[in-house]
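The same chain A turns up in both complexes below, where it pairs with chain B and then with chain C.
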Partner chain A sequence: MVETSNTESTLIEREQKLAADLKSRFGDVLEITIKSKRIKIKVKSERLLDIANYINNELGFDHSTSVSGVDYPNSKEFEVVYHLSTYGREDFRDIVIAFSTRISRDEPKTLSLINIWPSVEYSERETFEMFGIIFEGHPKLEKLLLPEDWNDIPPLRKDFKPPGR
Partner chain B sequence: MSKLSLSVGPQHPGSGHMRIILTLSGDYIIEAIPDPGYVHRGEEKLAEYRNYIQNIPHLERPVVLDATGAIFPYVLAVEDLMNIIVPERAQFIRVIMAELNRIISHLYYMAIYGIFMGHSTMFMWPVGDREVFIDLANTIAGQRVTYAFLVPGGVRNDMPEKVKEQADKACNYFEKRLIEYEHIFMNNPLFEKRTKGVGILPKQDAIRLGVVGPTLRASGVKSDVRKDDTYSIYNQLDFEIPVSNACDSWSRAWIHMEEMRQSMSIIKQCLKRIPTGPVKLNLKQIKVPPGESYSRVEAARGSLSYYLISDGGKVPYRVRIMTPSFRNLITIPYIMKGVMLADMPPTYWGIDYWPVEADR
Partner chain C sequence: MVSGASTNIFVGKLKDILEYSIEEPLNYLVNWGRLYALWPVHLETACCSVEWGAVSGPRYDIERWGMLAAFGSLRQCDVLVILGTVNRKMAPRVRMIYDQMPEPKYVIAMGACAVSGGLYFDSYSVLQGVDKIIPVDIYLSGCPPRPEQLIEALIMLQNKIRISKIS
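Let's turn to the complex of A and B:
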């Protein structure tokens, strides 16, 4: 059991170091929350590219595990969350960064991060069709999973009600 | 030479409905574009209309071969939000089920690999041997494929005492069978000729594209969620992560073979060390406080993760499912390039792509 507590204390150190790195480098990060192996970083959408570049190049988080949209109709916002992980940095392999930004629901546009993480290709496409969020700079923003003749609003928005519900 | 565009699918380019649009120059593939979505069920939307227990059976459906792997991260995420710790006996039973499902899924993989090569024996043998493990899972969980066995707070029922004997028998039998598989299939010159050096995915690409599971490990990256981001009781168990630097279709099959050996070793260790005690917390109701949780496990095909957001209500606010097949979809244009049309099916199946799992 001693071993577990050891790895846990170093885990906290590693998490703190990551968060401190980001805070000192980018004073305008909106919020950083740490919860056992998961770090959530909220940023303004115009700072997305810079901070993403830093997380990729300097911190070594080399791939995205998923891109998720979350609909908040009450505050008229979408949240776009990139979950990031690493294969290259062995000391950070247990940590997942949730890198998120909020965008307006009326004009859902954000920059695509495909040039930084090629692994977001299909996840961004899926978020585009399920929420109607436009990822500027994505080379192929087309329907992926939905039927070609889908003519309703994007289905994962809260105001889309599935038939019979 | 003139180019030919060829649409393969959506009726089974391999197993499950999915289309690949190929551009051919003579016999060789010069471009491959995947077109998924034919078996999309809207699982993420469905999950927003059902409570935390009702969600369990339908979230297992996309991954019938590996139902425990599919539901494991979901229950971990719910437990993380509820801040509860599962009884130790339940943790052991979960790991036993997860590894059984890995073997069941890998055997199915070997069987379909066989039939893609026109190798009928390799289809019949693994499908037959899979029954041994399905029976074992049936003894533990009471169902053959989708169990709805893992619940927040533990597992639904305790397993009967006879499991130990049955598992020993199954493992002893199957260890011998794996050697026969090697003779008849893995070392078969026909299989080697069509898969060795075919469907190459270099290490750098595998990392860049965020590939997961056996496909990642066949490209020389020693990464497995069970070791890297350990969960449940995996840090108490002793097992190896098979890795190959060959980066081709053959090495992907080899990784599956070795992983089945490791899974059997894990099951044996668990059955030896499993403590007695309760298998489920006595939760009167599943009340999930507001918050969000991201959990991942190493399912049979690779890292499977859930991003769960709760607003404190009866149903989840958002459930994001990211499956290994969807993540490995991105490799198809890379591995297909330069492959002969005749070798397209084994190359496709090599990455263990499961359309239903990818489309969710």
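Let's turn to the complex of A and C:
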């Protein structure tokens, strides 16, 4: 049992170390929230590629497990969230980074991170069709899951009216 | 007595009599032939197909009532059992399968999702009842229906076939 509590405390320590490292490097462009096993990093969209490259190359978070969108109609923004984890670094293996950025709702464009994490290909396509967010630089930004004859606004936006409601 | 007009009347009456006398037994014979050899299409859209598997198996054994186990080619089938949720992407395919089946064809909408959309009634991707795209003969409620309910639906369908007219 002593060992378990030890690893718990080291988990928090490792997370704080990771967060401190990021803060010292990109302090002005990001917000960091730390929870157990989860670090949320919110960056400004101009520095998205820099910080993503740093997280991939220096911190060793080598793959993305999901890409999702969040709709904030009141502040007219979309948030794109990449969940990142690592195979390469053993000390960060139990940590998931939620790497997010906010973009304008009227012109939903962001840079695709497919050159950094190739596994985002399908997730970015799904986010594209569910929210209408355009990922610039994605090689095949087409419909993935929706019907071929879909003729409506993207269905996970808040102003979409589902049938039967 | 035997004139052209009266011969015409006599032949017309004879035709009526023959039609009346033969229609009932012919109806019976054809319906009887259809009743106990219903071939279902093997189209599993969702999880109700597990109950369909149970009902085809030895414990419930729907073959005792005359519906055969799932079979390969839909172009030789009579019954389309919609096994669960049909989503909007699947809907044109279901319609295509229905159109390929030969007449007479019957549809059983199995489960709450196939009847009305069920749990997913307000989803962007699920059809609100399969009767929006194809005519349904039997609505079978439940989530999922018990195998006994599927057998009951089959018996209801057989009753429907029994009283149907072929002409």
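Just so we're on the same page, the second predicted complex is superposed on the first by the 165 of 165 C-alpha atoms of A that agree within 3 Å, B and C clash if a C-alpha of one lies under 4 Å from a C-alpha of the other, contacts with A are read in each partner's own complex, and residues count from 1 in each chain.
Here is the rule we use: a residue touches a chain if its C-beta (ideal position, glycine included) is under 8 Å from a C-beta of that chain, and two chains touch if they have at least 3 such contacts.
Remember, it's a predicted structure, so these values are computed and weren't measured experimentally.
Visitor: Once the two complexes are aligned on chain A, which partner has more residues of chain A within touching range, chain B or chain C?
Guide: On the superposition, B touches more of the residues of chain A.
Visitor: Between chain B (first) and chain C (second), which, if any, makes contact with A:Gly27: first, second, both or neither?
Guide: neither
Visitor: Just to be sure I read the superposition right, which of the two partners does A:Pro163 touch: chain B = first, chain C = second, or both, or neither?
Guide: Only chain C is touched by A:Pro163; chain B is not.
Visitor: Going by the contact rule set out at the top, does A:Val70 touch chain B (first), chain C (second), both, or neither?
Guide: In the superposition, A:Val70 contacts chain B only.
Visitor: Could you tell me if A:Arg38 is touching chain B, chain C, both of them or neither one (first, second, both, neither)?
Guide: first
Visitor: Go through the superposed model and pick first if A:Pro139 touches only chain B, second if only chain C, both, or neither.
Guide: neither
Visitor: With both complexes overlaid on chain A, does A:Pro155 touch chain B (first), chain C (second), both or neither?
Guide: The answer is both, since A:Pro155 touches chain B and chain C.
Visitor: Determine where on chain A the residues touched by chain B overlap those touched by chain C, and list them.
Guide: Residues 145-147, 155, 160, 162, 165, which sit in both footprints.
Visitor: Enumerate the contact residues on chain A facing chain B in the complex.
Guide: Listed in rising order, the residues are 4, 37-38, 40, 62-66, 68, 70-71, 81, 83, 85, 87-88, 93-94, 96, 98, 117-119, 121-123, 130, 143-147, 155-156, 160, 162, 165.
Visitor: Flag every residue of chain B that touches chain A in the complex, lowest number first.
Guide: 36-37, 40, 42, 44-46, 49, 207-210, 216, 221, 223, 228-230, 235, 292-294, 296, 303, 305, 307, 309, 317-318, 320, 322, 326-327, 329-330, 359-360
Visitor: Please output the residues of chain A touching chain C within their complex, sorted ascending.
Guide: Of all residues in chain A, those touching chain C are 145-148, 152, 155, 160, 162-165.
Visitor: Quick one: in the complex, what on chain C touches chain A?
Guide: The touching residues are 88-89, 117, 121-125, 128.
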